[in-house]
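Presented below are the structures under discussion, each in the form of structure tokens.
Look for chain A in each of the two complexes below; its partner is chain B in the first and chain C in the second.
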Partner chain A sequence: MARKRTKAGPAGAPVTTVVVMRLYIAGTAPNSVKAIANLHAICGRYLKDGYKLEIIDVCEHPRRALADGVLVTPSLAKVSPAPTSNVIGNLSDTGSVLAALGLPAGAIE
Partner chain B sequence: MTAKKSANPRLLSKVATGIHGFDEISRGGLPLNRTSLVVGGPGTGKTVFALQTLVNAARQGRQPGIFVAFEEGTRAIFANAATFGWNLPALAKSALFFLDARLSPTVVQSGEFELSGMLAILEAKKRELGAAWIVFDGIDVLLALLQNPVAEIREIHCLRDWLAHADLTAIITAKMEGDTASPANYGFMQFMADCVIRLERRLEQGIALRRLEITKYRGSDFSPGEFPLSFGPQGIEVAAPGSAVTSQRASLERVSSGFGGLDSMLGGGVFRGTTTLITGAPGTSKTTLVGKFAESACRRGERTLFVSFDEGGERIRRNLTSVGIHLDGYAKSGLLRMYSGRTDAINPEEHLIRIAALLLEHQPRCMVIDPLSALAKSGAISSARAVGNRLIYQVRDHHITAFITSLVEGDDPQAEATQMQISTIADTWIHLSYLVRGGERNRALTIVKSRGTRHSNQVRELVLSAAGPALTEVYSSGGEVLMGTLRWEKEAEERARSLERQADFTQKRRELRFAEADIAARIAALQVDLDRARGELARYSSDDDAQRASSSERKSEALKMRGSDGAAAAVPSKRRGARVSAKSRKHNGDQAPRRGS
Partner chain C sequence: MTPEALPPVRSPSDLQAEAAFMHWVRQIVKGAAELRAFEAGQIDAVMDPATGTAILLPEAQAALQGSSRLLLSALDALPGEVCVVDAAGAVVMTNRAWRAFSAARAGAGLGVHEGANFLSACASVGAPERAHADAVAAGLRDVLAGGRQMFRCDYLCHTPDGDCAFTLSIAQIAQDGAVYAVVTRENVSEHKRAAAVSSHGRADASRVAAVARARTPNRVLAALPAREYELLLSGLEPVKLTYGEVLYEPGEQMRHVYFPSDCLVSLLTVVEGHRALEVGLVGREGMVGSRLALGITASSVRTLVQGTGTAVRMKSTRFLKEFRGSPALQRAVLHFTDALMLQVTQTAACNRFHMVEARLARWLLMTHERLGSGVFRLTHEFLADMLGVRRVGVTSAAGALQRRRLIRYQRGIITILDQQGLEAAACTCYRRVQVRGLKPGCDR
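Moving on to the complex of A and B:
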């Protein structure tokens, strides 16, 4: 699976910050597939266009993963804004993902 | 990852771990390109076992390896291993790759995860490094995060599949505390491993004992049972027993015990490579005896190891100097190596392992252990006994001539048989005891047994002086053994008696000489008489011949006279013949035999 890149929305949008994330997955492993789906759902619902997601398949880019200190897949890394955070697992628990991404409590409906 | 190779059963070959003792009990090491599982509680040496194997493979076999640490950080691992002299930081630059696989405590978990990503990363690293080994240290930490036994088994499966095709010799370590809290997946993990090693640490009378056991080895023979394990200077060492069959060289060379007196009691010394046990109560000069042996060994230029328990080497040397035994010079030159162990600090097993390391390092020909019984002070007697036995067998395997002391309370040497039980395997057994008599306490030496040697049965007295210890004969009179002053008195008495006896002898000799001279003189006088008698006899025998001649003359004369011819000539012969005939008539009966004389 190649890199997927979802660009941020148009300029002038009310989103003040763009959340930059990386999702490390392992090919078509069940939890990796689930994680992609779960993350897309979360982003579509809570971040709208104010995010930047890079999906890295460690099977294809193991050195990159190693350099980034990733071992367990799926693994989500929030790169910016600070503070950075990491979530492992298939991201099925939306609440903990949102908390890790530092989204304001009001964002959760 | 498909099971393309699984239909092709490979023959089991093994790869040595380089861990002292383990390769012996596992009959060659871990299964090559297969998975071994090391389980045990905290502090049992799982990580060290795995790391040491990796280090040995990298150093000796030049095989790169990967170490995946789930529990400890790389820095902590380096720090812990620093005591073993492996130089991990240098190895980490070339042959070893350390992967810090701990999850940061700030990591949030949301749902299940899988190991396939990690395995893909490791696969890449393996190719890059050309690794032959891989260690997963503390896999239980990772599995615990799955929080789901089904998921755990699924991921272990995934790991096993990867390992089955990775051509890596793998060691997986997992915490398992005691027998009670074994992880749910333990049984399954055991199933996936071809070799399972269990490590244990337990307290026995306040002393920590570590044990190693191979509980499973697919397709291979191994030594069953628990084996003592300890941490030596180079890492883990397992106290493997020697080969089951004892094949020791039997030398006929005699080695001096250091005492001329004792050597002669033993028929010229002890045999090379044999073990001599010296038992005795406290203060019976056991150390002096073995010190003398060590000194004589050093004097011959033989490398010697002096193992002492609960007393420092320097103190022992000082004490021995007071009885004329000088070891300082040999200790400085390195010919003599001293190992002083404290029995309250570490358990007997660890002493054994350290001594075993010294045997290899110093390569001694002679050795002293003083006293072996000190091992029994810490821990259980059974383990001390086992250690003592193993130590002696090791010493013998190295063909080292050893003198070992053992403290026994009381006077009965047989007390040893119930304590350390070394006497049954010792080749020579010397017992030292006290004899209290006449207000004195004197040391007595007895040879209880000496295999293959005609030895003295006599008790000797051991006398200590500044000139050194010496053995003296004891006096046994009327069933009593005399020593010390009593012996001295007896000696003086004996001397006086001997002088007396000598005077008696001189007198008697003189008398006999007189008698001899007297008889000789008498014989001479008799000889003279005899000669005289013979001379006379000879003379008479010749007269007899003359007489016989004249008698025949006379006969013919008489015939003549009767025949009246030659009468004038017969007158003088008749006169002479008449005189002889009187005598000849007297000897008539035995005339014939006498003529021959």
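Moving on to the complex of A and C:
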């Protein structure tokens, strides 16, 4: 998916965007609990208020997960901005989460 | 999350079954990232496209079962009785308290066992409890149908140990798309009894205060509203005052204030070289120690009990505290203080200008008013002191009133025979100092 370029503003200029994510979990199963904690830590540190997170419990809403093409849980889906991406697992690897969220590698301290 | 949704092959203790389950997972999970996470043990559930449900992996299931066990233990530890009813009304889960109650009632009434139908149980309840059982059934149906989130009712239940009061709540929960109702029942008999005793106690205290107030002959106290009188009650102490007792000498600190019930207290001014002279007379219409209300703690007069009887007293410190906090008490005390000042000034003038016979008649009427009795014991010496005259003067005046059949005076006992005649014989001072509503005819 090609990224659109806007005429206004030089390329690479900071643009205020909100990262929209969905996290699919399975109740209070261990990896799901870890995934929620890890994601909250990452968002609080790197995204501050610039994100929206929806947590979906697949035990309560299995059809929603299937409709979204989610087969395993926990699973994080970045919905916007494009491109969309997924991270599977308990999100303990901060680097892969940041990469999936489209944050520059330099953001990792 | 529900055990029914899990394939029976998934027992972690059964290696063959576990291998079969993993094989099933690998058929579904094909992406590289998913497989990596799966190998790393970071997956909790896999979606089964065939059934449209989430299948928990053994570790996640074990963990959830552990937390479910914890929840069940917590549920069992609750003192209230809890059961979960499914959409058809079947009891699918109960806690220990509920099971104990069901066992005690052998499943009768609303003591529904696990597996039984709550709605059917409501329908089979006998006459005395039928009304509330119908209400509970209607509430449960409403909650299960989504008509309301919560239903609550209080009802009485007849048990072998006597009547018990219960509060029953029904709340809706949804799980895996199915609706359940959590029924909690709490035995509130003890609370109700405690509340009843407490309110009964309050009512009793209030009634006692009202009765005590109605019976208090003291006009200052009787003038107070019931609530303010109740506040004073704890500081009031009944005392018997006997003839000749001096409550305070002039200049002495007043440690108590007295509210006479049926005794009589004279306020005497002491002039050096002379006998004490009565300047005021206090009975049930007033109080002794009202000077405190003016901020003065020492007595200006000698207060002498001249008619044995009862009174209630209060410590001066408490009185001052109550006086500051109670506008009604302030009004009553200041009203009396004003009347007492009038009496004192009138007495001073009376002693100077009026005849002994008229003064004696006034004094007898005032005493009659304050004692609430027309018969009292007095000696000529005492009367001479009260009136500031010689004894012979009293004998002469009393003889004159007796001859007019206004009083009888025998062996030191005075009986008022003709109230109106005595009023006519008294000087005009009597009418000026007469206490409204305290006329002898208006006795208790």
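Just so we're on the same page, the second predicted complex is superposed on the first by the 94 of 109 C-alpha atoms of A that agree within 3 Å, B and C clash if a C-alpha of one lies under 4 Å from a C-alpha of the other, contacts with A are read in each partner's own complex, and residues count from 1 in each chain.
One rule holds in what follows: a contact is a pair of C-beta atoms (placed from the backbone, for glycine too) under 8 Å apart; a residue touches a chain by one contact, two chains touch by 3 or more.
The shown structure was predicted, so the numbers you read here are calculated from the model rather than taken from an experiment.
S.K.: Given the alignment on chain A, is it a clash or a fit between chain B and chain C?
M.R.: clash
S.K.: Under the stated touch criterion, which partner chain does A:Pro62 make contact with: chain B (first), chain C (second), both, or neither?
M.R.: The answer is both, since A:Pro62 touches chain B and chain C.
S.K.: So, does A:Ser85 touch the first partner chain B, the second partner chain C, both, or neither?
M.R.: The first partner, chain B, only.
S.K.: Based on the superposed arrangement, let me know which partner A:Val72 touches: chain B (first), chain C (second), both, or neither?
M.R.: A:Val72: touches chain B and chain C.
S.K.: Kindly classify A:Ala37 by the partners it touches after superposition: chain B alone (first), chain C alone (second), both, or neither?
M.R.: Neither partner.
S.K.: Could you say whether A:Val97 touches chain B, chain C, both of them, or neither, answering first, second, both or neither?
M.R.: first
S.K.: Considering only touches as defined above, state whether A:Gly27 meets chain B (first), chain C (second), both or neither.
M.R.: both
S.K.: Specify the partner with more touching residues on chain A, choosing between chain B and chain C.
M.R.: Comparing chain B with chain C, the partner touching more chain A residues is B.
S.K.: If the shared chain A is used to align the two complexes, which stretch of chain B, 40-48, 112-120 or 238-246, clashes with chain C?
M.R.: 112-120
S.K.: If you lay the two complexes on top of each other, which residues of chain A touch chain B in one and chain C in the other?
M.R.: After superposing on chain A, chain A residues 25-27, 29-32, 58-59, 62-63, 65-66, 70-74, 86-90, 92 contact both chain B and chain C.
S.K.: Once bound in the complex, which stretches of chain A touch chain B?
M.R.: Where chain A meets chain B, its residues are 24-27, 29-32, 34-35, 38, 58-59, 62-63, 65-66, 70-75, 85-93, 96-97, 99-100.
S.K.: Show me the residue ranges of chain B that touch chain A in the complex, using the header's touch definition.
M.R.: 99, 101, 103-104, 106-118, 120-121, 123-125, 142, 145
S.K.: Can you name the residues of chain A that touch chain C in the complex?
M.R.: Chain A reaches chain C through residues 25-32, 58-60, 62-63, 65-66, 70-74, 86-90, 92.
S.K.: Where on chain C does chain A make contact in their complex?
M.R.: 1, 28-29, 31, 33-34, 36-38, 40-47, 49, 52-54, 56, 59-60, 63-64, 67, 175-176
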